[in-house]
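Please see the structure below; I have some questions.
For clarity, chains are labelled A, B and C in written order, and residue numbers in each chain start from 1.
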Amino acid sequence: MEQELINIPMVVDMPYRFAAGCYLARFLTELRDNGKFFGIKCPNCGRVQMPPRIVCAACHVKNGEWVEISHEGTLMGFSIVHLPLTDPTTGQPHKTPYTYGIVRLDGADSFIEHFIEVEPDIAKVWVGMRVRAVLRPREQRTGDLNDIQHFAPIGEA
Amino acid sequence: MTERVAIVGVAQTRFSPKRAEVNVGEMAYEAIEQVLQETGLEIERDISNAVSCSHDIWDGQTISDIGITDVIGGHLRTEEKMAMDGATAVYYGAIGILSGEFDCTLVLAHTKMSQTNRNIVNNTAFDPLYTRMLGFDFTSAAALQARRYMSVYGISAEQVARVVMKNLGNARHNPVMHNGRDLSLDEILHAPMIADPIRSVDVAPDTDGAVALILASEERAKKISASPAWILGLGTCYDAHYLGDRDLADCMALEKASAMAYRMAEISEPRKQIDLVELGDEFSYQELLWMEGLGLCGRGEAGEMIESGFTASTGELPVNASGGLLGGVPVNVAGLNRVAEAALQVMGRSGVQIPDVDIAVAQGHSGFCGQHQCVVVLGREARSR
Amino acid sequence: MKRKVAIIGGGQTYHASRRHDVNQGEMVNEAVRAALDDAQMTMDDVDAVLLGNMEFFEGCHMTDCWLADATGAYGKPGLKITTGGTVGATEVVAGAHHVASGLFDRVLVIGFEKQEEGDSSAILSGVAHPLYGRSLAGAAVGYFAMMGASYMQAYGAREEHSAMVAVKARQNARKNPYAHLKLDITIQDVLASKMLAYPIRLMDMCPTSNGACAMILADEKTAKDRCKKPVWFRAAETAHNEQFELTWRDVTTTKPIFSRVCADKLYKKLGVENPAAFFDVFEIYEPATWAELVWYEDLGLCKRGEGFRLIEEGKTEINGAIPVNPSGGVLSTNAIGATAMLRVWEAALQIRGDAGEHQVPKDVNWALTTAYGGTNWTVMTALSKEWED
């Protein structure tokens, strides 16, 4: 006799309230209030890390100097996404297709990952492309990376 | 290659109900920075590897040691995370050194209980097929165990209340604890009931904090510290999971974990040979139950033992002179704090120092109703094994 | 290490996209029984049980406690490790340390994931920092897609090279009865499959599988007394990587990278100068085709930028000079908690000559395994047939 297999559906809702901490809090408030990007410099190796954080992982020393970072940078990697992946912070899928990539902002050693506002066509986007951050208007900024709407290409495609 | 491992450095953040001004990494770094400074050790030059102890669900991040890799010196180096109560991190770290692969290990435990809801997190520890939908959390499960234990052995509510009175009183003198208070038995017995017989004062409060220890092989330990705390014995054991598969008044897992640790440490008469115990009193009745599981007295005798004052800080065998978990220690950090407090006593550096602590025992547990148990025996001298 | 350690047995489940017929414990127990049978032991012979599993994937906190009966941990010492994709390998290393310490003679290590019981890609996105980038939801596909785009642009590789890796993996998997995706595919099939995130197509990506793997590690005496073909655990190295830094997606980076750093450390430990000649078989952790090409380079099997030539020339096929993933690899089976352990177990099978149809047709004395997970972490192990004194 066929045995009935039982599946138990369950949604686990986990509420969290994350503390940004000293370093990220300053980064996010500068972004929200002044539309500025900040990185932090390691006193030993000199690399400018974004987002700013307490320790340089490579040197094991406390990071020191705050450095303002440009809104312009270079696209170091990208992809055009066709799979509607779920955003874990909302439980909703992103609208596809969309382009996202990693950008090295001028002055920073870290890459920032974000949406690239460009036609989702492999001919229109490449590694090395120059891009600029487009921020949401001040009243819509909340102190989150989504305060950056996207990155847009500078100059001709 | 070494036969012996010692704790050479101990650092704890001040435990607090809510550390809103730091994130997980920054909080952990407070303890890490402190332990490195006090031992004079440097990550790249001196530390072989790092072992951290936390849970994705408490941290709110998948593979949550990602959040501390940079501060713990894990970048391009050996780092691991285990998801048990913090005492097991010492057990695991020591095994790594005894294997000969490592000679100096940084151990860390961290939890920010304030960032989430303990009832919901606890509930996910119950299996999704049979028990979870009953809405259990650790407190309600503990209430079942407390009632069972008390009724089988005739432990009274007053005897359990004495645990709260003693530990919160002790916590007042311990600089890291935040929940120290002087309460009378009457006040304790009339505190708001949460899940009978467990009242609000019977539960270790929500706390944020981190603890960092450094373990070293014998050869390294002798160079780093003049008075390390030697690890003489280690033991862990799992009990059954489903509440109905166990008699909750039993503590098989703790008895076996203790037996393993005591055999290594050559302890045959725990009550006589042990000078101090730091155990995991996540709920007050557990202090009495674990005392029996640790062999400090016979089954059902812990109530009388606490009544007699035997386990007071001024007594023959102080239990939780630190204030215990009731004094305010985060979940998961709990066992590492127990080991830290015991180590500080053996090293002679405790803020609540008991004189002449030669052998100390630390105990931690993971899972509801102490399903997994871990026992660590520490000593002032390195015995031969 | 203080004592010699051998792998004396192991087992795995038949990995699948659906295992509605078992719950997590029952699935794990299949692997545990298979390992005990293989080692000709009972649970009474086992001194400790170590489990690896990522609690968010199935939404179960403390799975080691829940599954204490299925894993055999009841009444025994043990613990749970959770380092993500590398956890299966970390378990093996932890088991080896348990045995080497002298405190335990026989240790059972288990890795598993029942991925259908959670939302895997949402949870993988949970790897990102909650306040910096998590909502972007790149998941694994995103990470490797960027790497692939970077690789093609930097070195002139083409999508066909990625397809060659996909074909090798699934054709190898057809020779492995336990593998999840046994597909009789061609390069054209891969290039015609659905684009997920440029340039990663459906067939370029690993599956999400339900499966478990278990292995038994033992001391020398047990190995010599009770095991006909012990496989010696010779060395391991781990390298983690800080959060926030996304550099591996740019393949031209000159920053020290976890995979190269770890390989260098391991080779130095063993005195290896030419890994392609020293090791007879490789089981590497390639969640996507492009990752395999980059692993060839990071492991020093070829020069930087030449990885795609290795696959083009067929060198990494089962009967090639440098066989990589004869088991079908991660591209064919990915039950996250088990996957890194499967690399070690499959390598052990190769050394024993027990890999059946997917056995590499040469004398296998040394094997290398890698793992991948977290924010670019790895654990590498080296196994050998003999212990030459």
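The rule we apply is simple: a contact is a pair of C-beta atoms (placed from the backbone, for glycine too) under 8 Å apart; a residue touches a chain by one contact, two chains touch by 3 or more.
For clarity, every value in this text was computed on a predicted model and none was experimentally measured.
When every chain is represented by the mean of its C-alpha atoms, the one lying closest to the mean of all protein C-alpha atoms is C. More C-beta pairs touch across one of A-B and A-C than the other; that pair is A-C.
A separation of 34 Å divides the Cα centre of subunit B from that of subunit C.
Centroids built from CA atoms put subunit B at 38 Å from subunit A. Remark: subunit A and subunit C have CA centroids separated by 29 Å (rounded to whole angstrom).
Within subunit A, the positions touching two or more other chains are listed as 10, 12, 16, 18, 20, 24, 53, 57-58. Multi-chain contact residues of subunit C, defined as those touching 2 or more other chains: 59, 123, 126, 130, 242, 256. Contact with two or more other chains is made by residues 57, 60, 69-70, 74-76, 121, 124, 128-129 of subunit B. Listed in rising order, the residues of subunit B touching subunit C in the complex are 1, 49, 55-57, 60-63, 65-67, 69-70, 74-84, 88, 91-92, 95-96, 98-101, 121-122, 124-125, 127-129, 234-241, 252-253, 256-257, 260, 264, 366-368, 371-372. Subunit A contributes residues 5, 7, 10, 12, 16, 18, 20, 24, 28, 49-51, 53, 57-58, 76-83, 85-91, 94, 100-102, 110-111, 113-115, 122, 126-127, 144-146 to its touches with subunit C in the complex. Subunit B contributes residues 19-26, 29, 33, 42-44, 57, 60, 69-71, 73-76, 112, 114-117, 120-121, 124, 128-129, 132 to its touches with subunit A in the complex.
Subunit C meets subunit A in the complex at residues 20-21, 59, 119, 121-123, 125-126, 130-139, 141-142, 145-150, 153-154, 194-200, 242, 244-247, 249-250, 256. Residues of subunit C that touch subunit B in their complex: 1-2, 23, 49, 54-56, 59-62, 64-69, 73-84, 90, 94, 96-103, 123-124, 126-127, 129-130, 237-243, 256, 258, 261, 373-375.
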